[in-house]
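Look for chain A in each of the two complexes below; its partner is chain B in the first and chain C in the second.
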Partner chain A sequence: MTTQVSAKTSPNSLRNLLHILIGDWDRTQLSISFLLVALMAISPLFISSPYYMGIIILACLYAVIGISWNIVAGFTGQLLIAHIIFLAFGGYTTIVLLNTFRIMPWVGIPLGGVVAALAGWVIALITLRYGLKMDYFALFTIALLVALRTLFLKWDFVGGAVGMYLRLAEPSVPKMIFATKPPYLYIAISLLVFGILVQYQVYRSKMGKYLIAIREDEAAAAALGVNTSKYKTIAVMIGAALAGMSGGFYVMYVTFIDPTGVFNLGVNVEIIMAGPIIGGLGSLLGPILGALVNKPIAELVRGSLAESRSGISLIVYGLFLITSIMVMPKGLAGLCHSLYLRLYRPNKNIE
Partner chain B sequence: MALLEVQNITKRFGGLVAVHEFNLTMDQGQIVALIGPNGAGKTTAFNVIAGYYKADGGKVLLNSREITNLRPDQICGLGLARTFQVVRPFAGISVLDNVMVGAYAHTSDVKIARAKAEEVLELLGLQRMTNQLAKGLPIAIRKRLEIARAVATDPQIMLLDEAMAGLRPMEADEVIGMVRKLSDKGIAILLVEHVMKVVMSLADRIIVLHHGEMIAEGEPADVVKNLQVIEAYLGEANNVTS
Partner chain C sequence: MSPDIFFQTLVNGLFTGGIYALVSIGLTLIYGVMVIVNFAHGEFLMLGIYTAFWSFTLLGLDPYLSIPFAVVLIGILGAMIQRGLVQQVLDAHPLNQIILLVGISTLIVGLAQFFFSAEPKSIHVSYETEVITLLGLRMSIPRLIAFCSSLVISFGLYLFLQHTRLGKAIRAVSQSREAAKLMGINVNYIYMLTFGIGTAITAVAGVLLSPNHRMIPTMGQTYSVIAFVVVVLGTMGNFVGAFIGGLIIGVVEAYAGFFLGGDVKIIASMLIFILILLFKPSGLFGRKRT
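For the complex of A and B:
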């Protein structure tokens, strides 16, 4: 290292700033995440088309949903395939509270998160009690999704097969109904910032290390004092809470929810699994990069191929997913990491 | 008062009695070796003591507190750490992170855990590997990492399951040195080991298992002279390790 003349000279403070922003890969991922958030936040300045604005809002929301799944599947390695269940719980909670009990969505969305977290707790309790792991755990969640769809189709209190619709009224802030897109964007961005911070905090703490240890080798983790049941449960609950809040916002934004649309494995793949997998499962940046690439491409494919034979767009989208997994097994975040190591090898003295 | 007391533990798999009324007492800083032919029940006894198998009978006491059938993580928290015969590093994360998982056993503070992990890495001569991924490490280093993780949990007693198997003689000597260091720090060590050179040079006491039964116990020099033991085990093992 060069000799340090004074701690206050500008090259040094620049170096300190650089160290805070990109001193290690985790911080760099956080910085890039917030850079992307900032770009989304100023996007209304350049984009006026409500259609494109809508894509950005959903991409932002899918990033939060991706983060919620990443904590469970990426960090902890739990194959919670039918994660969309939690989105549904949050969405239904929010809209039932609003329509039936006149509770405003600003309260309803967090409560949706709480209900989803409780659902996550019950699911964790059952699967742990009966020792369901890996593929059995995955199958259990899929079976649960099918069972819940049937239940909600028959349950009149939540609208049965028709689902529930927002009673559209005049735009009003308390009811979270707006005439233009930007307010929705800023709510989605707030959720994303919350999600990014939660994910980072989990990842860098004791809990994050424990979750990753469970993913890598559960028996070895237990030997080192990790209460694997407890930490798996907490991971599922955090993921469920984030997904539930996203579900609450999703309902307010699209203005309705119905069982076949939300208890749906195809939708589950597109909005929950595709993003983090393309972006890089288990990384901090993956869910965000993934959502920002996945959502526009899904829209583009759907838009440009909508005129041709039905189903073609799904085939093309499927091919895109398969190719990206084969070409980038570690996702976009993996590519970024290699690039980071090549451009900026952190000096050991700095670390 | 003994640190670890194992009283008459029995473990059956279906009709097979893998371990039958096994007894063991260990004090602070002692090194005890558990030997016996393949299938004698050594690893099974380990797994019962460390909470991986439920005992079908008997008791395990740590500092006079019963730990029989507690979960592995609870037993670890009470001061008993184990390693695995086939090493199980957390492959996708760095050596430091591997050891930090162990170091978090008694703290939630990132800085304290990190300092503890670095201290342990230095103790076991792994400080140059700190930032490497566990995935690509050679077997000798992975075996050491396995021990390091367990040491980081601050155990009073460690169960080392064939920590030296598959190592070259020089590498094994290094591990022997580390085990001595740990024992000097007051950690009691229970070894399962096939390499007789290791057993003879380290152990204060040897216990011989055969078909799940304890057939001999005593000072290394006495045990190797025991006819029953030679018949069951050492006759063959001497050829293998010479």
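For the complex of A and C:
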């Protein structure tokens, strides 16, 4: 009731501002996303413990990774299950460039994104050329993951089974090595802001509508003149590029990468799939909400319980995925959406 | 490669292939009837091998005697998972189906690690290293038993599907859900039954594998991936195709292992898989799809 009154009496400028910020659900999601980003950005003021800072940094990174998968799987409905291969490509590119060619990560991370996008392009080209759809595409990506793991385990140039380690060095800005956590946080936040903007642009553009049409009914979309192959390829490339850049930063932050850790379906569930699914696949807000829930819970589970017994984190993730699909397939963002409709709709009716 | 080694490798490959065939038959049966790829499939093999381990450790039973336990326990577990979870997403977007099954798989592996611990385990029986020599070919007793059992079970299941009323009902549902429903077949019951049978025979494959085999809770993943390869090779949903595909992949892996080394052999199956997916996704026995 109070909201109705205030909306009537408020000056025009405030009304316009409100309209811009929460005028429709998409904008509201964007506003909430940036609110959450802002909270993360000021978190170093309240949190000094490196452990909790680390959780926030990784939650931020998981949000970017979630966005990258959301564009491919959530918007377009492509069953790119083993999305983590793009993260691996980006990570390996960044660290190989740094260790072997002395190219700084500030260049290496974007290049990692480029390499991952190219890999995405090749995969999309091959699978679309041969018309692989749905289950077959999912199986193809999993087979690729297994094949790449074996290949990387044997490939000495990228460190074989041992993987690649960041050479320990004095903290230096060009090498992206810092003694404290906040610089890492701000890099992760820049990535996240970039990811949020890309996701919003894709979603609101004509292309976003095409992607959703493809997800809902590919044959119908094609019949209406949507070039489905083209847009599916672009979606995969954008998703791959974001995942690749996240992979690059991930390597700089955790300081190593190895084939069994990264070409791993369990890890794939944890850092790619769980977040967007809990948060709400296909929504703008989902990957961010999901990551903010996913990472802290994962840490909690690992910190308090895993020491006594192994397997707890897998149980938690398994239950996450199952309950998300069975109970709330639209995820947390779906809950927020119904809440939004309940609070905001009465307002609109008056106008 | 001398002829002895050639034939010895062939025999080894066929023996492994027998297990693959059994696992893949379970997967293809489920896919054929429900058009859902069971991403948790390998986990049922893992549960089977642990059933053998626990009945051996706790009850002192010979691994092969735990087959009835595995069939009943894991068959019922599979049926329950189908009725309680998979049934609810049969008409959902394939992405939701896959996510659900990946979740089930993750949960099963987690529970196995929690209750059985992540440490590798194995069963040692008196006959595990015994070998018989036939026509100059050495055959390990447990693997010979596993191979023969796979053949018998596959053949038995084939007869069941071809000649019993229930088997015919399963095939009818896989041909057309709607028509089967109109003929008075309880489709949902057939779904549950098929999932149960599919998981039970996969569990049997696990039991057959158990003597002298290292077991860890994450081992199912490898078998899932192999079963995907086999099932696509032998045409998704095709029973005979899965059987022959299993033997083919077993043999290919054996030769790849010989030439490339044990840990790279999976590359060979993945290569076959990718090539099949790209050039003939309908598999060896597939007709052109309309």
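Just so we're on the same page, the second predicted complex is superposed on the first by the 327 of 351 C-alpha atoms of A that agree within 3 Å, B and C clash if a C-alpha of one lies under 4 Å from a C-alpha of the other, contacts with A are read in each partner's own complex, and residues count from 1 in each chain.
Definition applied: a residue touches a chain if its C-beta (ideal position, glycine included) is under 8 Å from a C-beta of that chain, and two chains touch if they have at least 3 such contacts.
All values reported here derive from a predicted model rather than from experimental measurement.
Undergrad: One more residue to check, A:265. First (chain B), second (chain C), both or neither?
TA: Second partner only.
Undergrad: Determine, under the contact definition given at the top, whether A:228 touches first (chain B), second (chain C), both, or neither.
TA: The answer is first: A:228 touches chain B but not chain C.
Undergrad: As a test of reading the superposition: which chain, chain B or chain C, is in touch with more residues of chain A?
TA: The partner making contact with more of chain A's residues is C.
Undergrad: If you stack the two complexes on chain A, which partner ends up touching A:343: first (chain B), second (chain C), both, or neither?
TA: So A:343 meets neither chain B nor chain C here.
Undergrad: Just checking: does A:315 make contact with chain B only, chain C only, both, or neither of them? Give me first, second, both or neither.
TA: The second partner, chain C, only.
Undergrad: Is A:219 contacted by the first partner chain B, the second partner chain C, both or neither?
TA: first
Undergrad: Per the contact definition in the header, classify A:210: touching chain B only (first), chain C only (second), both, or neither.
TA: First partner only, chain B.
Undergrad: Would you mind listing the overlap between the chain B footprint and the chain C footprint on chain A?
TA: Dual-contact residues (chain A): 215.
Undergrad: Hey, which residues of chain C end up touching chain A in the complex?
TA: Residues 37, 85, 88-89, 92-96, 98-100, 102-115, 117-118, 217-218, 221, 225, 228-229, 232, 236, 263-264, 266-267, 270-271, 273-274, 277-279, 281.
Undergrad: Name, in rising order, each residue of chain B that touches chain A in their complex.
TA: Checking each residue of chain B against chain A gives 50, 52, 71-74, 76-77, 81-84, 88-93, 97, 100-102, 104-105, 107-108, 110, 113, 149-150, 152-153.
Undergrad: What residues on chain A touch chain C, complex-wise?
TA: 73, 77, 79, 81, 126-127, 129-132, 134-136, 138-140, 142-144, 146-147, 150-151, 153-154, 215, 265-266, 269, 273, 277, 281, 309-322, 324-326, 329
Undergrad: Mind listing the chain A positions that touch chain B in their complex?
TA: Touch residues, chain A against chain B: 204-206, 209-210, 212-213, 215-217, 219-228, 282.
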